[in-house]
Amino acid sequence: MTPPEKGPEPIIRLFHVHKRYGAKAALIDISIDVFENEFIFISGPSGAGKSTLLKLLYLGEPVSEGHIVVDGLNLSRISRRRIPMLRRRIGIVFQDYKLIPTKSVYENVALVLEALGTRPRLIRKTARSLLRRVGMEEKAKALPPSLSGGEQQRAAVARALAGNPKIILADEPTGSLDAEAASDIFDLLRECHERGATLLVATHDTALIRRTGGKVILLDRGRLDVTTTIPKLPA
Amino acid sequence: MSLLGRSLRDLWAHRFLSAVTTFAVAMSVLIVGAFSLFVVNAAGIIQDWGSGARIVAYLSPGVESDKVPLLRGEIGRIEGVAEVRYISRDAAMERLRKGMAEEAFLLDHLRENPLPDALEVSLFRPMKNWRRFAPAAQAIREIDGVAEVEFGEEWLGRFLHLMDLFRLSAAGMGGIFFLAAVFFMANTVRLLLYARREEIEILYLVGATHSFIRLPLYLQGMLHGIIGAGAGLGALYGAFYLISIRAPGVGTFPIRFLSEEIMGGILTGSVLVGWFGTYLSLKRFHR
Amino acid sequence: MSLLGRSLRDLWAHRFLSAVTTFAVAMSVLIVGAFSLFVVNAAGIIQDWGSGARIVAYLSPGVESDKVPLLRGEIGRIEGVAEVRYISRDAAMERLRKGMAEEAFLLDHLRENPLPDALEVSLFRPMKNWRRFAPAAQAIREIDGVAEVEFGEEWLGRFLHLMDLFRLSAAGMGGIFFLAAVFFMANTVRLLLYARREEIEILYLVGATHSFIRLPLYLQGMLHGIIGAGAGLGALYGAFYLISIRAPGVGTFPIRFLSEEIMGGILTGSVLVGWFGTYLSLKRFHR
Amino acid sequence: MTPPEKGPEPIIRLFHVHKRYGAKAALIDISIDVFENEFIFISGPSGAGKSTLLKLLYLGEPVSEGHIVVDGLNLSRISRRRIPMLRRRIGIVFQDYKLIPTKSVYENVALVLEALGTRPRLIRKTARSLLRRVGMEEKAKALPPSLSGGEQQRAAVARALAGNPKIILADEPTGSLDAEAASDIFDLLRECHERGATLLVATHDTALIRRTGGKVILLDRGRLDVTTTIPKLPA
């Protein structure tokens, strides 16, 4: 690792990271520092490596080269037993939702809290209020395969936020939602941001970024293209 | 929610898979149980036959009846000997007459009783001690006052050969059945977890710990084991009952069901296999 | 791409599931095969013993030897009788002497040979005809010139009881094993298709016909059946070989492996079960 | 059925269609006529019933009430044996892609052609050219779980078009794609339209509709809201 720089310590740090799937390079020499309570978009065309970048952060995939530090944990050296510790600090909205198909929406959300050891009462309260917040209270008992695409996505967002995580990784969290529902979800994410969470949101939707504004990391075929800050459009 | 609560809820959510798994365990237990039942009863019947095996020591013509207690004591000290009974020549003739049945009329032509007095020697637990018949007979033969020793050598040889064959094939088949049953159960549990792998992977991704994920799965594996084993033993008892009312026993040996120890062993074994199958399958899920 | 080509490619794509399924079939075949092997050989050994069973007809004292052929003819016409042999009183005495072995010295005290001439009657396929011994013996007894008939009634009774028990338990266990094996294979195929249900549903959705989807699945089910059965029989032969070199036979009966008919039956059965398991599972996929 | 009206016979006809999932009404009294070679958007917020409407057309779900006729086949009366016949005339882009996870992208596309009984040579040619067309020729041998979201979607589009279907039902066919890739896919769909196909495209993305222009069926909580024609925006 490089010696710590001046100023605040970054909460997420990628240091010359490469990721290869077999011969195919999905990420090439990426170095990024993310500071606490930042709200960052990761953008780029289909196949650019957005999801792969997020996967590296929660150890969904190991890095091929380079180092990643997340909230003080060096991911190249972390022991298998401590991986759950890392993941409990991170809330993840997966691009393909990854809801457990045999458990109801409510159970999917409650399970995260159970895994954290939350008291049953608090589990009920938190899960219900989150589901209400994403407009899914009526579907709490439904199984994910019987939900519409957008409903599944909202359930996935609720689950990601259930543990009140320090870091939120959201992969296209509004890709299946109409404009109104999408802005509801973004309001929710922004609330988390205000409460102190660090957010990384992968999206190909440049219109959305322009509507919201914020720091943007642009990927192109695995390479870091530019990092810019786009001002929020006046509505 | 409690561990047991979560486990039972999961079983219900996967009731098709759980039913199939439990059924597989029940079938495995049925097979191993049926075979154990067969071996236990066959061994009992053979034991029953074998317990009639005796060594007969014919006394030398000149031996007086007051020397008999001495001889009995001497024979009684030989290893493995359980009982020594005196059979007078007259009692022997009476027995022979009965044994010959249809040909007993031959004996009416005898001028005098040509049989000698004899001592009939039985061994402790003849089943286990058959191989000691020959050395025991030899030891008795060497005692003063014993003229001749007889114990159906040829018959015993054949019988031992047959017993060996039975034991060998029972052990071979038992081994095959046991292994097959264990592999079956373990395999079925693997298939079950293969079908549930998505769910398990998701749990890992949302930060659940090893124990949070695995304890319910182990518990479920063990529940499949014990429920399946119970059902299998129940079905076996049904089959046993139907057979035993038609054929309650052979000789003095009543057909019996598996002993409590064996049943306990089967139940414990199934639980262990449920655990083990889960263990094997979970080794694939690292994170 | 040809049907077989598609099927094989699919097997490879699902090699874990295919291996598990094939293994399950192999184990099932191993169990049923081991049991058949056991029953076939046990039956052979019993048959070997049983083929010694005879009816002895003692002739009345006054019967001249020139009347013997007539009597033989008459007895030979009774149903089930295979062979009639004349045994003179001298030959009978010689035999008795051998049979009594250790007690043969008793016979030296006889004044004259008290045995009658006799005819020894054996039946066709005694295994199957044991229950005919009593009626055949009765028929012979009623013939003029026959004084007495003997066929070890008591022994035969016991033996028949034992045989009944053996048959009953063999049938019971065989039934259990067979059913268990069939259910196992069918169940494993169901689990296999359960794990592949997504793929099957997708194929229906993109407009593939029943036969386009099902024929490869049936073919795969049958391939699992035949490969598994082959492996199971192979393993059984290995176990058989290891046992048979230690115990090559009993009496005049050599231990044998399953006949070609039985092996053919097992292979065919496994293929059918593979087909049937596929059929059962596919009934859930309607569209 | 009502007596045939004047003018051309509609290729798809919904007549007072209701769809209920248990107690929940997903579609309420929908009557629509779609004529040959139309290009129609189905729009509406999350959970409005867009996907359900498409499912009814390919018998992914049975109707609860009412009648549907697709290309002369009355779906309430069609025998099970003839369902494949219906589906072979329809190319479907599923919202969740429904790619076979154990078959490569190429095999997923080729399978549709195999099922149609196409000659092996033609299968190879068609599948390859379609994959090239959606920019997936490099990923032809990849298995779907190893693809990015957008790549899966493009593979799904290629598969839907493989059989050169008369009717194309596309459920959010560009939801996971960046603007450029999305417009490529739309160009492809428009080509199919020009070759005579009838298209029904479900999307919540009103910006996309405005960019493309066309007839729009708007659903709201299961009810047919309006049917309008939106002119193509000047680029």
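Going by the order they are written in, the chains are A, B, C and D; count residues from 1 in each one.
Heads up, the rule we're going with is that a contact is a pair of C-beta atoms (placed from the backbone, for glycine too) under 8 Å apart; a residue touches a chain by one contact, two chains touch by 3 or more.
The structure displayed is predicted, hence computed values, not measured ones.
Undergrad: Spell out the chains that contact chain A while also contacting chain C.
TA: The common neighbours are B, D.
Undergrad: Looking at CA centres, what chain is most distant from chain D?
TA: B
Undergrad: Could you work out how far the Cα centre of chain A sits from that of chain D, in whole Å?
TA: 31
Undergrad: With chain centres defined as C-alpha means, what is the inter-centre distance between chain B and chain D in Å?
TA: Going by mean C-alpha positions, chain B sits 67 Å from chain D.
Undergrad: Chain A to chain B: how many Å between their CA centres?
TA: Averaging C-alpha atoms per chain gives centres 62 Å apart.
Undergrad: Note the residues in chain A that touch 2 or more other chains, in rising order.
TA: Counting only residues that touch two or more other chains, chain A contributes none.
Undergrad: Linking chains that touch, what shape results: line, ring, star, complete or other?
TA: Topology of touching chains reads as a ring, each chain with two neighbours.
Undergrad: Mind listing each pair of touching chains for me?
TA: In this structure, the chains touch in these pairs: A-B, A-D, B-C, C-D.
Undergrad: Please name which positions on chain A make contact with chain D in the complex.
TA: 21, 44-47, 50-52, 95-96, 146, 148-151, 153-154, 171-172, 175-181, 204-207
Undergrad: Going by the contact rule at the top, pick out the chain C residues touching chain B in the complex.
TA: Touch list, chain C to chain B: 16-17, 20, 23-24, 27-28, 30-31, 34-35, 38, 41, 45, 96, 102-103, 105-106, 109-112, 114-115, 148, 150, 158, 161-162, 164-165, 168-169, 172-173, 176-177, 180, 183-184, 187-188, 190-192, 194-195, 236, 239, 242-243, 246-247, 250-251, 255.
Undergrad: State the interface residues of chain C toward chain D in the complex, per the touch definition above.
TA: Contacts found on chain C: 1, 6, 13-14, 198-199, 202-210, 212, 286-287.
Undergrad: Which stretch or stretches of chain D touch chain C in the complex?
TA: My answer: residues 58-60, 80-81, 83-88, 90, 92, 94, 98-103, 111-112, 114-116, 120, 159, 163.
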